[in-house]
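Take a look at the structures below.
Two complexes come next, and they have one chain in common, subunit A, joined by subunit B in the first and subunit C in the second.
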Partner chain A sequence: MKKLIRSMLFCPANNPKLYYTAPVYNPDCIIFDLEDSIEVSEKDAARDLLVEAIKSLDFGNIEIFVRVNSVTTPYFEDDIKAIVPAGVRNIRLPMCQTKEDVIKLDKLINSIEVEYDIEIGSTKIQVGIETPKGVLNASEIAGASNRVIGLSFGAEDYTASLGIDRTKEGKELLFARNMIVNVAGMYDIAATDTVWADINDSDGFVEEIKAIKALGFNSKSCIHPSQIDILHDALKPTEEQIKKAMVILDAVKNADVENGGVIQVDGKMVDVPVITKAKKIMSLYEKMMKWEK
Partner chain B sequence: MDKLQGSCGQVRKSDVKITVDLDTNGIEIIIISKFDKMFGTHMEEAVKEVLAEQDIKDAKIVIEDDGALDFTIKARTRTALKRIHEVLK
Partner chain C sequence: MGKIIRKLPEYIEGYGKVVPYGTIITKKEKAKLSDVVTKKNSKVISLEEAIINSGLIDGMTVSFHHHLRNGDYIMELVFKIINKLGIKDLTLSASSISKTHDCLLEYIKDGTITKIYTSGFRSALANEIQYNFNLKAPVIFMTHGGRARAIEDGSISIDVSFVAASCCDKLGNMNGKYGKSAFGAIGYPMVDVKYAKKTIAITDNLVPIMDKDISIPKDYIDSVVVVESIGNPQLIATGATRISRNPMDLLIAKKAANVLIASGYIKENYSFQAGSGVISLSVCKFIREYMKKNSITGEFASGGITANLVDLFEAGLFRKLYDVQTFGSDAISSLNRNENHIEMSADEYANPANKECIVNKLDVMILSATEIDVNFNINSVTGSDGRMIGALGGAPDTAAGAKLTIVVAPSMRKRFPIVVDNVKTICTPGENIDILVTERGICVNPRRTDLISILKRNNIVTTSIVTLKNDIYKLTGVPNILKTGDNIVGIIEYRDGSVLDIIYDL
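Entry: the complex of A and B
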């Protein structure tokens, strides 16, 4: 069973306090940031603190990601060379624009895994799609390495690249979001939505979660602990969805339709795609129940 | 700041500012912290561990602490030393 990942909580990597306060809020993932939230003069300090924390602290079943600096910066190689030997196994590569960006990271990780006798391929990559070019190249980016486990959308840089404002309604993001979800579906990898910046507008946050859930996103980056429970609740399948899925799967048990054919359940046609959807809903629900225990 | 001096960190909750001066003889550690009585020895050990790893035998270290854990003290010490080495390159 794949690990349940709905929330990815950003924490600037140079703040010591966050290493032990962030886990208390029980996000599915913590993403320690070496990129935008760290001043240039503190890049070295943040990297060293992160390495020491990773070596010393036990984060339990919270998945740890690190957002490194992009491949075009002078910090990129130092970040990777420090964090992979320290034990980081999930890297978010920001501002990814071409497959060459992923290949560059893949090769660097590979050489480090060989040097430090780390299982080859155990370090995974989540690519940050944050520019129009990245959106259009998303498919070749996702297919550039077997290490790629997900795509994450960054709306702030994306709208900045287009020279447009980001609205709460998010119409301007629709094309990029659709593209990311579609590519993630094609490669059977995760699609993680962008942050909701207005931490005081929880109603707006819930509306956005409903909208991105309907598009096919299954997780979201968070910038504040208060967003975690709201996100987890809003991503839950509804009672109606769960009930319907249970009825379908129960009916399927007594009919030979899992590999083809059609049956009727409550007057509606049930075939393989409907069964697949019902299974996905129950799988998500079961994972959530297990996680919440 | 002298070429043989480097520092890292801030005096803020859960953090520590470490200042290293390599222009000295022997190891001298000065602790400025309200937790000195309870954790002073522990803080010293964390710094000494990093110095020993790097085979440094002459250093004056000032620890200005506000409740930092071990991993922070070690990390800030490492960065302060790296910053000296960067200047000396």
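Entry: the complex of A and C
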């Protein structure tokens, strides 16, 4: 069973308190940030703190990611050279625009894994798609390395590149979101949506979760602990969805249709795609229940 | 003139021992006739006159109440006059002492005040006593209920009680509900006035003779003093924060609400109290949702009444509010407009000698703590550095009375663990604490096997308090043992008058 990843909680890597407070909110992932939230003068200190924390703290079941500085910055190599030997196995590469960005990171990780006798390929990459170029190149980016386990969308940089405002409705993001979800589906990797910046507008946040869930996203980056429970709740399959899936899977048990053919359940046609959807819903539900326990 | 001089037998058969008029000092039901009617003098006099008339002399005990909180001007006004009159060696019995009372420092230094009874003690005043050890006797910390008991049984004998009233008539009928300095319920001095030898009302709002809304009646009042202001209204009416926005507070509050719900105690007709800490108040937010969804109406909520409890009450989720001390203007106006928002005295609230006191009828109590140890003992008075920074309040009273007492606290504050091997000061005995809820774990007192099984049945994961403490120590390190002096500067009295713990100088 793949690990359940719905929430990725951003924590600036230079704040010591967050290393021991963030885990208590039970996000699926914590993503320690070395990039945008860290001032240039703090880059080294944040990296040092992160390395020591990774070495000494136990984060339990919570998956740890690090958002490094992008490949075009002078901090990129230092970040990777410090955090991979320290034990970080999930890297978010921001502002990824071409497959060459991924290949550059892949090669660097590879050399570090060899040098430090770390299992080759065990360090994974989540690529940050945050520019129009990155959106259009999403497919070649996702296919550039076996290390790529997911795509994450960054709407703030994306809208800045287009010179448009980001709205609560998010119509301006539709193309990019669709592209990312489509590519993620193509490679069977995770699609993580952008952050919701207005932490006081939880109703708007829920609406956005519903919208991106409908598009096919299965996780979201978060900037505040209060967003985690809201996100997890909103991503849960509805009671109606669960009931329907259970009825379908129950009916399928007694009919040989899993490899083709059609049966009727409650007067509606059920074939392989419907069965696949029902299985996905039940799998997600079971993972969530297990995780909550 | 008017003095009763009569030779009385010491014993009368069929009656018993004769206690001559004027010698009963433990219980005063009414002011002496001579003071009120026969002289036909007005009670309304200056503060200086009132103090002189009260007969206050060296070595006596004066009492105050803390409903004006950090806005209180009364203690400073009174001690200025006392100081001017040259009266020394007084015992100060206050229901609590706030930061604003740092002004008393000079009166401690010059020997005007030499002994203190209080529920809370903090700030520069506490530092002075803890670092310079300049009181004749240790500060005696009493719970709100313990203080009522001590006054009633004579352990504290009040010579002159000073009562602030935001609304008072010339006879001394008073309340704290109306006026520019309104503070709400006046529950603590309701006890003082009954037993004090003399009582002086101090008001900044002298009104025509009151015939209703009388919280303390004229019968107990010897003098009425009118001053320009009894306190700073902005500081008086500040309430405890409604609902925290801090995610950690909300996380703990939500966990506590889940525990409460799983415990089965939140049911029709239950009773509830939450301490004024921000986390315990935030529990109300989550309970409200559950009560509403399940159409549960509680019998009463009690204690210090905050806007949060008023919200629950006005939403029809509790039938009554019993109020000993009102926090904030919303709660004050509720006391004035809602018939079932009922003012109560400290005796009715928490006196352990009062079998019908409200705390004995409580189902659920939510408490805060500055520290809790592996035996569930709570510290609410001293900080991580050993300084006196807090209060007993009604916590030990409610914990003793309530069927379920839950402590809510973060597992650490800054770099200091809150769950520890031994609390620095035991303020509420662990045997009265049932559950601890922190963001890192929920611990049930092993004595409550019933709760352990019911929480387990309802999928609430609990951990042993020793395990939780060890997990916290992994992050904070083991705290250093506090080095103290040998001089006793504070005594923590349990509500029954026994001594729970001692605080030393630093």
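In this section, the second predicted complex is superposed on the first by the 293 of 293 C-alpha atoms of A that agree within 3 Å, B and C clash if a C-alpha of one lies under 4 Å from a C-alpha of the other, contacts with A are read in each partner's own complex, and residues count from 1 in each chain.
Following the convention adopted for this analysis, contacts are C-beta pairs under 8 Å (C-beta built on N, C-alpha and C of every residue); 3 or more make two chains touch, one makes a residue touch a chain.
Note that the structure is a prediction, hence the values are computed from the model and not measured.
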Larger contact residue set on subunit A - subunit B or subunit C: B
Which superposed partner A:20 touches (first subunit B, second subunit C, both, neither): both
Touching partner for A:185 - first (subunit B), second (subunit C), both, neither: neither
Partner chain in contact with A:225 - subunit B first, subunit C second, else both or neither: second
First (subunit B), second (subunit C), both or neither touched by A:44: first
Partner chain in contact with A:87 - subunit B first, subunit C second, else both or neither: neither
Which superposed partner A:261 touches (first subunit B, second subunit C, both, neither): neither
Contacts of A:52 with subunit B and subunit C, given as first, second, both or neither: first
Subunit A residues contacted in one complex by subunit B, in the other by subunit C: 20
Residue ranges of subunit A touching subunit B (in the complex, touch as defined): 15-17, 19-20, 44-45, 48-49, 51-53, 55-57
In the complex, subunit A residues that touch subunit C: 20-21, 24-25, 224-226, 293
Complex interface listing, subunit C residues touching subunit A: 247-248, 250-251, 439-440, 459, 475
In the complex with subunit A, residue positions of subunit B that touch it: 8-9, 13-15, 68-72, 74-76, 78-79, 82-83
